[in-house]
Amino acid sequence: MWAFLHRFASPPHFYRRAGAIAPWLGWICLGLMAAGLYGGLVVAPPDYQQGESYRIIFVHVPSAWMSMFVYVVMAGASAIALIWRIKLAEVIAIESAPVGASFTFLALVTGSLWGKPMWGTYWVWDARLTSELILLFLYFGVMGLYAAIEDRRTAGRAAGLFAIVGVVNIPIIHYSVEWWHTLHQGPTVTKLSAPSIHVSMLVPLLLMAVSFKLFYVTVLLHRARCGVLERGRNAGWVRSLLARTEPE
Amino acid sequence: MNAFIAIVRRDLLLAMRHRAEAANPLLFFVIVVALVPLGLNPRRETLELIAPGVFWIGALLATLLSLERMFRSDFDDGSLELMLISPQPLPLIVLAKILAHWLVTGLPLVLAAPPIALLLGLPTSSLAVLLTTLVLGTPTLSAVGAIGVALTVGLRRGGMLLSLLVLPLYIPVLIFAASAVSAADGLPVTGQLYLLGALAVLSFTLAPLAAAAALRISVS
Amino acid sequence: MNAFIAIVRRDLLLAMRHRAEAANPLLFFVIVVALVPLGLNPRRETLELIAPGVFWIGALLATLLSLERMFRSDFDDGSLELMLISPQPLPLIVLAKILAHWLVTGLPLVLAAPPIALLLGLPTSSLAVLLTTLVLGTPTLSAVGAIGVALTVGLRRGGMLLSLLVLPLYIPVLIFAASAVSAADGLPVTGQLYLLGALAVLSFTLAPLAAAAALRISVS
Amino acid sequence: MPQTELHRDRNPLLEAVDLSCSRGHRTLFENLALQVSGGEVVQILGANGSGKTTLLRVLCGLQPPAAGSLRWRGRDMSPGAPEVYAEVQFIGHAGGVKLDLTPRENLDVAIALGGRPTGTTVATALARLGIGKFGRRPVRTLSAGQRQRVALARLLTCASLLWVLDEPFTALDADGVSIVDAMLYEHIRAGGAAIITSHHPVALGRVTPRPVSIDAGA
Amino acid sequence: MPQTELHRDRNPLLEAVDLSCSRGHRTLFENLALQVSGGEVVQILGANGSGKTTLLRVLCGLQPPAAGSLRWRGRDMSPGAPEVYAEVQFIGHAGGVKLDLTPRENLDVAIALGGRPTGTTVATALARLGIGKFGRRPVRTLSAGQRQRVALARLLTCASLLWVLDEPFTALDADGVSIVDAMLYEHIRAGGAAIITSHHPVALGRVTPRPVSIDAGA
C-alpha cells in the first residue's frame, strides 16, 4: 500500500496516470450533469411554496458542499505535504485553491440570487452566509500567500500551513445553522434519518452533487499535471518529455 | 522557562522604551471610539445601540494594526534568526511573544474599556459582559494574529496579505463578542462567552505551534 | 520640475512594487466599512443613518495609518538625507511626495466609495455629495499629515505623537464633511463644500513649506 | 594542510557533502564539500554576490540547501534540532542586536536564549570588547563600530563550539580587529571552530584561517 | 605636504574653522581645523565612536556643528543653500538606495535630484561598478557588496566637486575596492576632492589620502 502510494506520488508516474484518467472522468461528469439538470429542471415538479425559483437548489447546494469539501481536501493534502514532504500533495493542495474558490463564489452568488425571492434581500449578515464569505477569503488568503512568496518551495509550505489553520472555519459553516438562529435553511438533505425532501428532487440533486465532484477531480488532475511539470522544470523526466514534444 | 521569562521581559522592556509606540493601539482604539460620535452625530439611543459594536471593531482594528510589531522588528535586525537557531523550543518563545503582545496591546484595551463605555452611555449591565468578552477575546486576537504575522514576516509587502489572512479568522470572535454584548440586557449570553473562552484556549495551545512552524518556513 | 516629476514617479513606482502594502489603506477602509454591519448588526435604517460617518471615519483612519509611509522608509535608508542635500528646493520635493501619497491613498478611496456606498444603502442623492467631500477632503488629509510626519520622522517612537499632532487638524475636515453628507438630502451643503475646498487650497500651499522646515529640523 | 600548530580534532564538527545553494531561481554554487573541525578557522572566499552569506545561513540551518546534506558530528543535521543549535553561534550582516535595548539587556536576552552560559559575565564581555562604559546606553546611540562590538560580545557570554561570522570585521577599527583576533585564537585554542567571511585579507595575528573559495567553478 | 603629484587648487573648496561636534550631550571633538582642496583625498582617522560619521554629516550640512564654522569656496556655508549641495555628494552608512527599486531606477531618481548630470549614462555607471547585469533586479535581491556598489554608482552619474564617503569600502571585494580606487583617482584628477573614512589601511593604488585624525586630543 505504502509503496504503491509512493510510486503513485512520484511525479512522472502521476503525470502519465492522470493524463490517462482525466478524460474519462470528464465524460462521466458531463453525462451525470446532463442527467441531473434534466431531472432537476424538467422532471422535478415545481415546489408548492416557492414555485420555480427553488430550482436554483440544484446548483446552489452542490456547489456549497463542494466549497467545503475542496477546502478539506486542500488542508489534508497540505498536512501530508508538510509532514511527509510529498511534492505531489503540495501540488494538489495549491491547485485545489482556485477551484474551491470558484465553487465558493458560485455558492455565494446562487445563494444570494435565491435569497432575493426567499428572504427579500440579496444579503444578510447571518452566520451561515458570513462564514461562507469567510471561506472565500480563506481561499484568497491561500492563493495570495502562495503568489506573494517568491521561492516556490517556501510559498507552497507557507500556503499549506495557512490552509490547515483555516480548517476551523469548516465546522463553523456546517453547524452555523444550528448554533445560531439564522435565516438560512437548516439541514434538509443531510439529515441522516430521513431527508425532508421529495425523491424527485433528491435524485437530481445527488446526481448534480456527484457530477460536481467529478468535475473537481477532472479539473484538479489537469491542473496538477501542469503544476507537476512546472515544478519539475529542471528534472530529467520533464526535460525528456519536452524534448519529445518540441519538434512537433 | 528561563527563556520564556527573558523574552516576555525583553518585549515589555522594548514596549516601555517605545512607550509612545506601544500606546498606539490604545490611542487608536480611543480615537475610533471617540470619532464615532463626532462623525456619526447619532441620537443617544442610536449611540447606545451601536456602542458595543464600535468597541469591538475598535479593539479588532487596534490589534490588527499592532500585529506586525510582534515579529517585524526582530526580523529586520536579525534577532528572529537568533531565536530560530536557539536551542530553546521555538513554540515556547513564540508563546512568550504572544503573551507580551497581549500584555502590551490587549490588556490596556480591557483596562480602558470601562471609562470609555461610560462615556458612550453603555448601560452598566452590558459593561460586565463587554469586559468579559474583551478579556476572553483579545488573547485570541493576539494568538491568531501571531500565525498571520509569522507567515508574512519574510515578505516586504506583507501588510495587506496579513489583513487578508488574519481577518477571516478574527470575524468569528467579533461576531460572538458583539452579539454577546448587544444581547446583554436580557437574553442569556453564557453560550457566546463559553465559545469565546474555548476559542481562547484553543488558539493559545495551537497558535504557538503553527506560528513556530510558519516562522521556520518564512525566514528561510 | 524635472525633480518633481521624478519624485512622483518614484513614489508611485515604489507603491506599485509594494502593491499589497500600498493597497493597505484601501483594504483597511473596506474592512472598516464591512465590519460595521458585522459588528453593529444594525437595522437597515440605522445603517443608512450612520453610513456617511462610517465612510469618513474609515477614510480618516486609513489616511492616518498610511502617513508614516510618506517619509519613514526614506529616512531609514538614507534617501531623505539625499533629498535634504539635493540642490532642488525642498518644498517642491515635499509637494511631490504629498501628491504621490494622495494618488496612492486618497484617490483609491474616492474611487472605491461609490460601490461601497451602494452596499451600505446610502441613497444616491447623498452619493454625489459624499464623493465631492472625499475629493476635496482627502488631499487636505495628505498635506496636513505631511507636516506631522516630517516632525516625528526622526523619532523612533513617532507613532503616537503623530496621531496626537495630526488628529486635531483632521477633525474639522471630518466634521464639515460628515455634516455635509448627512445634510445632503434636503439642506444646502455648498457652505461646507466651499470650506473644504478652501482648506484643501490652504493646506496645499502651506504644508510643503512647513513640512520642509520640519524635515530639516528633525533629520539633524 | 594544517596551518595552525594547535591541537585539531580528528572528527569534523560540521561536514557539508555535495552542497548546492540557490537564491531565487539561480544556483549559486554546486557540489561544495566542506569540513570544519575543532581547532580551525575557515575563511570563505568569494567575490561580491558569490553566495558567502547564503552559505553561512545554510550551514546554520536557517535556510535549506538546494541539494546535498549537512552533518553535525557525523550525524545528519535536521533543521530545528535544538542539540545542534546549542553549539552554534551565528552573527550575520544584521547583528541581531535590538537598537532600543542597552548592550547589557541585549546580552542578558542572548544568554537566556543561548543555552549554556560561559563563566564570563556580561560586564566582563563588554569590557573585553572595549565598550564597557556604554553598557547602559541604548545601542541606537552607539556608532557603527560600537554596535558591531555589542553583537560580537555575545560570543563571549554563550558557550558554543562553532562560530559562524559573516564579515565580523565590518566597521571595526584596528583595536577592534585585534580584539576579535584574540577572541578567535582563544576559541580555537579551547577546541572550538569558526567559519568566517571577510573581503579584507584576514591577517589575524596568531591564527591563519584555512581559505575555502566558492567562486564560480570552485 | 602634498602627497599626490596632481595639480591641486590653491583655494580650499571646503574649510572648517574651529569645528566642535557633539552627539547627545557629549562633545566628540573640539577646535578641528580642516581644509579640503580640489585634487586631494582626505581620510578621516579615528577609533570607533570617535565621531567620524558625525563629522561627515556636519560637513555636508546634515547636522549643525556645536561650534565653529564651515566655508565653501571661502563663503560661509548656510545649511540649506542649494548652490553648495549641487557640488557635494554624500554616501553614508545607509546608502540612500531604495531596496524595492532596481539599480537603474535608483540612479534615475538620483540624477533628477542631483542637479548637474555627468555625461555618464546609468548603464555605463553600473557596468563600471561591475553590476551591469543586475540593472533590472530589485536591489533587495542583491548581496551586501552589490548594494554598496549601487550606492557608489551615484558618484559617476551626478557631477560634483566634493565626494563625502563614509566607509565606502564596506562589503566590497578586492575587485570592488580597485574600482572605487580608480574612480577616486579620476575624480581628483579632474580637480575634484574627496573626504573618506575607513578603518582598513586605505592603500589606494594611485592616490595617497591625506590623513586627518580626530581621535581625542587631536
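Order as written gives the chain letters A, B, C, D and E; numbering starts at 1 within each chain.
Here, contacts are C-beta pairs under 8 Å (C-beta built on N, C-alpha and C of every residue); 3 or more make two chains touch, one makes a residue touch a chain.
All values derive from a computational prediction rather than experimental measurement.
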Contact-graph separation of chain A and chain B, given in steps at minimum: 1
Minimum number of chain-to-chain touching steps separating chain C from chain E: 1
Furthest chain, CA centroid comparison against chain C: D
Innermost chain, where centres are averages of C-alpha coordinates: B
Dominant chain pairing [most C-beta pairs in contact]: B-C
Copies chain E and chain D - interface residue numbers shared by over half, same or different: same
Centroid comparison with chain E (C-alpha atoms), farthest chain: A
Averaged-CA centre spacing for the pair chain C and chain A, given as whole angstrom: 41
Chain centre separation in whole Å, for chain D relative to chain B (CA means): 37
CA centroid of chain D to CA centroid of chain E, Å: 31
Chain A and chain E: spacing of chain centres that average the CA atoms, whole Å: 60
Chain B residues counted as touching two or more neighbouring chains: 17-18, 155-158, 161, 164, 167, 171, 175, 220
Shared-contact residues (touching 2 or more other chains) in chain E: 93, 99-100
For chain A, residues contacting two or more additional chains: 130, 148, 151
Interface residues, chain D side, partner chain B - complex: 60-64, 79-80, 82-83, 85-86, 88, 90, 92-101, 105, 108-110, 112-115, 138
Footprint of chain E on chain C - complex, ascending: 2-3, 5-7, 10, 13-14, 17-18, 73, 76-79, 81-90, 93, 216, 219-220
Touch list for chain A against partner chain B, complex: 82, 127, 130-131, 134, 137-138, 140-141, 144-145, 148-149, 151, 154, 157-158, 161-162, 164-166, 168-169, 172
Complex contact set, residues of chain D against chain E: 23-24, 46-49, 53, 93, 130, 141-146, 149, 167, 170-177, 199-200
In the complex with chain C, residue positions of chain B that touch it: 17-21, 23-24, 27-28, 31-32, 35-36, 38-42, 46, 49-50, 52-54, 56-57, 60-61, 65, 155-161, 163-164, 167, 171, 174-175, 178-179, 182
